[in-house]
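Below: the structure, in structure tokens.
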Amino acid sequence: MLVIGIPYDATSSYRPGSRFAPRTVREAAANIEFYSLRAGLDLEAYRVADLGDIVLPVRPQEAVKRIEAVVAEVLGRYPGKLVALIGGEHSITLGSFSAVARVEEEPCLLVADAHFDLRDEYMEEKYSHASVMRRIAEAYGSERLFYIGVRAFAGEEVEYAREKHIEYVTSHSVRLLGVREVVARAARWIRRVGCKTLYVSVDMDGYDPAYAPGVANPEPEGLEPWMLLDILFKVVAESGARLRVVDVVEVSPPYDYSGITSILAAKTLLELFAAYQVQKSGARGG
Amino acid sequence: MLVIGIPYDATSSYRPGSRFAPRTVREAAANIEFYSLRAGLDLEAYRVADLGDIVLPVRPQEAVKRIEAVVAEVLGRYPGKLVALIGGEHSITLGSFSAVARVEEEPCLLVADAHFDLRDEYMEEKYSHASVMRRIAEAYGSERLFYIGVRAFAGEEVEYAREKHIEYVTSHSVRLLGVREVVARAARWIRRVGCKTLYVSVDMDGYDPAYAPGVANPEPEGLEPWMLLDILFKVVAESGARLRVVDVVEVSPPYDYSGITSILAAKTLLELFAAYQVQKSGARGG
Amino acid sequence: MLVIGIPYDATSSYRPGSRFAPRTVREAAANIEFYSLRAGLDLEAYRVADLGDIVLPVRPQEAVKRIEAVVAEVLGRYPGKLVALIGGEHSITLGSFSAVARVEEEPCLLVADAHFDLRDEYMEEKYSHASVMRRIAEAYGSERLFYIGVRAFAGEEVEYAREKHIEYVTSHSVRLLGVREVVARAARWIRRVGCKTLYVSVDMDGYDPAYAPGVANPEPEGLEPWMLLDILFKVVAESGARLRVVDVVEVSPPYDYSGITSILAAKTLLELFAAYQVQKSGARGG
Amino acid sequence: MLVIGIPYDATSSYRPGSRFAPRTVREAAANIEFYSLRAGLDLEAYRVADLGDIVLPVRPQEAVKRIEAVVAEVLGRYPGKLVALIGGEHSITLGSFSAVARVEEEPCLLVADAHFDLRDEYMEEKYSHASVMRRIAEAYGSERLFYIGVRAFAGEEVEYAREKHIEYVTSHSVRLLGVREVVARAARWIRRVGCKTLYVSVDMDGYDPAYAPGVANPEPEGLEPWMLLDILFKVVAESGARLRVVDVVEVSPPYDYSGITSILAAKTLLELFAAYQVQKSGARGG
Amino acid sequence: MLVIGIPYDATSSYRPGSRFAPRTVREAAANIEFYSLRAGLDLEAYRVADLGDIVLPVRPQEAVKRIEAVVAEVLGRYPGKLVALIGGEHSITLGSFSAVARVEEEPCLLVADAHFDLRDEYMEEKYSHASVMRRIAEAYGSERLFYIGVRAFAGEEVEYAREKHIEYVTSHSVRLLGVREVVARAARWIRRVGCKTLYVSVDMDGYDPAYAPGVANPEPEGLEPWMLLDILFKVVAESGARLRVVDVVEVSPPYDYSGITSILAAKTLLELFAAYQVQKSGARGG
Amino acid sequence: MLVIGIPYDATSSYRPGSRFAPRTVREAAANIEFYSLRAGLDLEAYRVADLGDIVLPVRPQEAVKRIEAVVAEVLGRYPGKLVALIGGEHSITLGSFSAVARVEEEPCLLVADAHFDLRDEYMEEKYSHASVMRRIAEAYGSERLFYIGVRAFAGEEVEYAREKHIEYVTSHSVRLLGVREVVARAARWIRRVGCKTLYVSVDMDGYDPAYAPGVANPEPEGLEPWMLLDILFKVVAESGARLRVVDVVEVSPPYDYSGITSILAAKTLLELFAAYQVQKSGARGG
């Protein structure tokens, strides 16, 4: 796994500070065990390389372009590796998904988030965290998006999602349907769209604020970690679309007093890495 | 919805600071979405007016009287509106419930709380947060109370509750019975007592401390937000008793480091506002 | 119940500060109700004596010896009493379990923890919190251990546990199996090993970090309090092995911003005290 | 020295929490050295007895009466001892000064404070921290007051102070005049009024907020600790009026993140205790 | 005095969050006394109007333009009033100084800061807080700048300052020279440049971090508040150049745990308002 | 300059956490300017190499030995370089000073500290932070010690210091004597003892807690940064004894909420590095 930090939070509208997350998530990763119970694998045995942080300008559109360039370069150079990005705010995903779209075939984006991030613009900005999925939908097709855990909408977003038939499972629905059914829906989406490459983007506010208090926009009634991790692990491990990039975004360390949000972000990357190994080996773990 | 802040915490026995909650809960409300998934309504479309804060004396009994006077005045002036109070500690509910009792017919009080607040007196004070429901029971009849989420009792309170046949569902029972059954019990209570007006008071310590760490008296093993909000929404939306006043109390911002308690309090008011709209329109949302 | 504080954290590898927990857990205990819903008992009626804190040297092995000496002395002097220890880090349990083994017959150790603590040594130290159960297994037999809630392993620990047939239920398994089945497995273990004396050690990181953020090593996907407390209560209340010592360890107050970890630790001791009363009286409570 | 805690903060108008100061100031005292460089004395050699905390009602006037009764009782029982009070808010000084006035002859009050606390009433309350010196002036004569470090005034207070010829040295004046001159002015005041008994009350906001950030009402441009302690030490050590009671008030632990305000409060008590020993022995220290 | 909030911090390079300062500084102002000892004036008697916050885009250059437009509009509409701006980061001063330069004659800028903010660009941005004075110097002449308290330089800045003969007094020099001499130098600068309008910009990091810990870039060895306030008060009160705009910038509330930085910022505005009144009345206060 | 982190805090008696200081001090160093006003030098031009952290065992005596071995190795390998150590607690200085004594001639130790650290043992430990200077005095001669800023003594320490004629200037004396005189006394000590190599050890509690709140044992009435830095700079720059090692110890990041203690520690290292350059070049800077 190749790790890249993207310390960018210039468009954060509520609680800034995700610029510090690349450091705190790495530190958390250094203090937790690398054994995945879901995979039955000790990930200590697998190589993780840290490529450092991307240096970025303040201006949103230029930042996005730089991210795209760097990630595309890395993807091109290491075709067999999983790339893990540590945000920064969600706006970075436009850059990195664009890089995947440039380098790989039929990319799809599985998003865990409390929000749609589908506004046309926000605070006069078209490249902010609140519009990132709108830009992706416009550029690569709205059918390439699948949301898990959404629950806080602006009217404009609900309308757009409806109109474009974007697929999503709210956090309430996850509780009603159960892990298995959500996994099945994601699997059908992958088949229907014909995804060959999978990008998993985890906005940490997809989790409930009790588990991830240190985020830019905490929204009640989110997912419990075991639930979301079970879903993501199974979707990846059992999917035909090859996992290529994962990101964790929107951790805001100045608001993460006990540090548990950074730890959960590190754990999320690890379980995705484990799922990747299982997918690669073609065999399910323990 | 008419919002009134009641920054009063003079009788707080453990962790003071709920005087600051009117400000932090309003700020939280300004930073979350107004879409209610339970109602399928975008509440941005409905009017919310902020009447500001009530200026209060230190002395408990006089504070209660002032609250009663102000709330009664507001209820009288705006007969068709839902009134939302942001505490302050729980002692304020004696004032506001008294106002409802003065202005409306057959008022009943649905309380979410970890505690009974049924002590005869506490720290030599009869008008403190720990005795508020005792005063209400004495003045308006103990049958008018229904508790959800209680789990921390003084011996004296258990005895009083038993003797007066006060109805309650502990947080343990909520988990055992499920949302539907708790809603059914509350509905039976409303019918049996003949409630025509409903007051919903949410002591934020009814939630588990993981979800609401910034309260005056955190008590383990509380309710998860989706559970309590489901119950409250359904009781209100399906009830014949008209929702007139809601309050959220006992948020203590100095102990709410990541701000998630204030955000959950704001969300609680929004879902109750949504339930009110559904009740009013006579139709259930999505 | 006899309470002893053990303010020792010299071997903490990540976030020190559990030295302060004896004070904060006591303070929390002074501010919560003593009524146990599980037992249907008001514990205010039972005597709790506080014996103060043990003064300890820095060096791990000597600290362990001192703890053993003091706890053995107390156990010998008060044969009919439950002893409750407030850590400090987990390394203290080697001292106190050794004391039990010296004074009582057929002692067994029920551990709630995210970790095995079964490393041969850690940071060049054989008496640290990360090796405490290895030392206990070596000295008293690995069959005397039963784990609940484990989920973060080093490879070396998994191997040792497998080789020694150590029994454990991961937090994932607790969710799958349910409270009843876990209790049944623990009961079978007690019978099979022939335990006559029970020691319950609760590393607070057994709980999920949402509920216990202020611990030395937070690990995601832990147990919810109601779950673990249900299990511990039932195992104790229905067990033939006499509960003699309980401990709560690894609370790190400098990281427990809202204080909810100390409160949950106090609650844990109270429910174990209630279970002890039920066990003693031979009758199940409410 | 006899220590009494007075955990009362019901009238706090800005940042409550001084109720917790008796505990944090004691804890700080347990972790600093007892050697006074000013006196050249190791205070470890002198006896300090802790009489515990006064249990208090919420209502201000009744709280004041209770404090008066308890302090008077202690003063009567231990005529040769220095009494040190740990607040709580400044309103407690009305009770304790009244006790001194009841038991001792010609009492005078030396106050370190950023504020006059001379309002006729505040938030409809005559017994709050903001009116405490007004009540004392009315009951015992305004000439008995001498302020050091004042700098934040309401118009009404300036007028009252002028009219009643109350003596004060602002923090700006302390910097201009120097320690020696301020001490000389206080000494002249003691002689002129004919004080026989001295009460020193230190509102911790007299210090600059850099040194005492954890107070209820931080006010910039305050005194540096060495300055105020030099003044207080010299006034006491060289004065003919016998030091009988000292208090430190207005520490608000929830706002004292690094704990340095509680430590400074403990240090203030220690230096006053050292000054008392020097006064008693009739000889100046090192 | 007209108060405008400018919640902008998109270019913050180290610790963001000054977007929240308009709210916290206002709240602080509501909780301190309005009496100025320097002026001998109770400012409660003078009118303060709050015009609210400016809504701003993310992009730096556009934000600057918007600020210029709004401030110019306000200056034009209220020619006789002092305008007080609450930042936000220092980059806002480019907008507001440009507005002054557009509306008033011969504007000069007195800056309190630890830094020169004279970089040509920073993190690829020409309109960031680190380049604000470079832009002002280029547009309006470097002789219009006078710095107090500077002490942290990049090589490029020292060179530029030297080359352009920009006047400054380091914090070390302030201690050596004393208040009187610094005031005299500033007065000579005003006369030499022929300033008719004065803008005072206070980057809160000009103060020492002990007094202003909650800033974006704390730099040791800064000024004590009494020193800087004495200097600013005297320069304004005795100056021929009319004070027209003041700003306080770079307060970062998420890092201002005890709130003392916001309080000091509020105090700074008040003393400048008092100086303005003295300047206007042509008479020196107490 | 060669930087080495020594994350050791096992013997901390009050507030642990200095193990994290190597990371936070480095991070602070990365965010402040490298220009030294005292030297008139831009230190960006000089090479700084980071050698990483020393991995250490828990046991104090063994930790000390490891530190000695590593530092001696580095000193031997880089004879012309200044070595800067970031603690960790003060006990580390025994190891590093021993290394200097092994490698260099006539080493002397200039200590800034609030405490003597001269206890024979503390908490049954002879190698703790509270005994470090006693061990050094015993092994290398008490005349090799010179203290600046001491003010908190145990009786035993005062006696030892007196008996051994150890030289010290209390923080009170520094204020009385002024920078020049203290520098002169240190210079005389260097000549009298015949020091050829200088080690400067800065326990951050030598500074006042207002400037360095995040330390293990805050003690009021300490030094202001400009004072101590002036003294250290001048002693080094003008001294004949060659500066070889500097350390900053006792920063406790969990208590350093606003981060200003780590920043001051970084600044302290920079000014010592600047003094070293001046000493080396034989010329005084600006």
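We just call them A, B, C, D, E and F in the order they show up, numbering each chain from 1.
The definition used in the following text is that a residue touches a chain if its C-beta (ideal position, glycine included) is under 8 Å from a C-beta of that chain, and two chains touch if they have at least 3 such contacts.
Because the structure is predicted, anything quoted here is derived from the model rather than measured.
Engineer: Which chains, if any, touch subunit D and subunit F both?
Structural biologist: E
Engineer: Show me the overlap between the contact partners of subunit C and those of subunit E.
Structural biologist: A, F
Engineer: As a test of understanding: of all chains, whose mean C-alpha position lies farthest from that of subunit A?
Structural biologist: Relative to subunit A, the chain whose C-alpha centre sits farthest away is D.
Engineer: For copies subunit D and subunit E, work out whether under half or over half of the interface numbers are shared, and give different or same accordingly.
Structural biologist: Subunit D and subunit E contact each other through largely non-matching residue numbers.
Engineer: If you average the Cα atoms per chain, which one ends up farthest from subunit C?
Structural biologist: That would be chain E.
Engineer: For subunit E and subunit F, what's the span in angstrom between their mean Cα positions?
Structural biologist: Centre separation, subunit E to subunit F: 37 Å.
Engineer: Taking each chain's centre as the mean of its CA atoms, how far is subunit A from subunit F in angstrom?
Structural biologist: 46
Engineer: Could you tell me the distance, in whole angstrom, between the mean C-alpha positions of subunit B and subunit D?
Structural biologist: 41
Engineer: Can you list the residues of subunit D that touch 2 or more other chains?
Structural biologist: Those would be 15, 208, 210, 255, 257.
Engineer: Among the chains present, which pairs are found to touch?
Structural biologist: Contact pairs between chains: A-B, A-C, A-E, B-C, B-D, C-F, D-E, D-F, E-F.
Engineer: Show which residues of subunit B lie in contact with subunit D when the two form their complex.
Structural biologist: 9-12, 15-17, 19, 55-60, 62, 123-125, 128, 254-255
Engineer: Please output the residues of subunit E touching subunit F within their complex, sorted ascending.
Structural biologist: These residues of subunit E touch subunit F: 14, 115, 151-155, 158, 170-172, 175, 208-211, 213-214, 217-221, 255-257.
Engineer: Quick one: in the complex, what on subunit F touches subunit E?
Structural biologist: 31-33, 35, 37, 42, 44, 208, 210-211, 225-226, 229, 257-260, 263-264, 267
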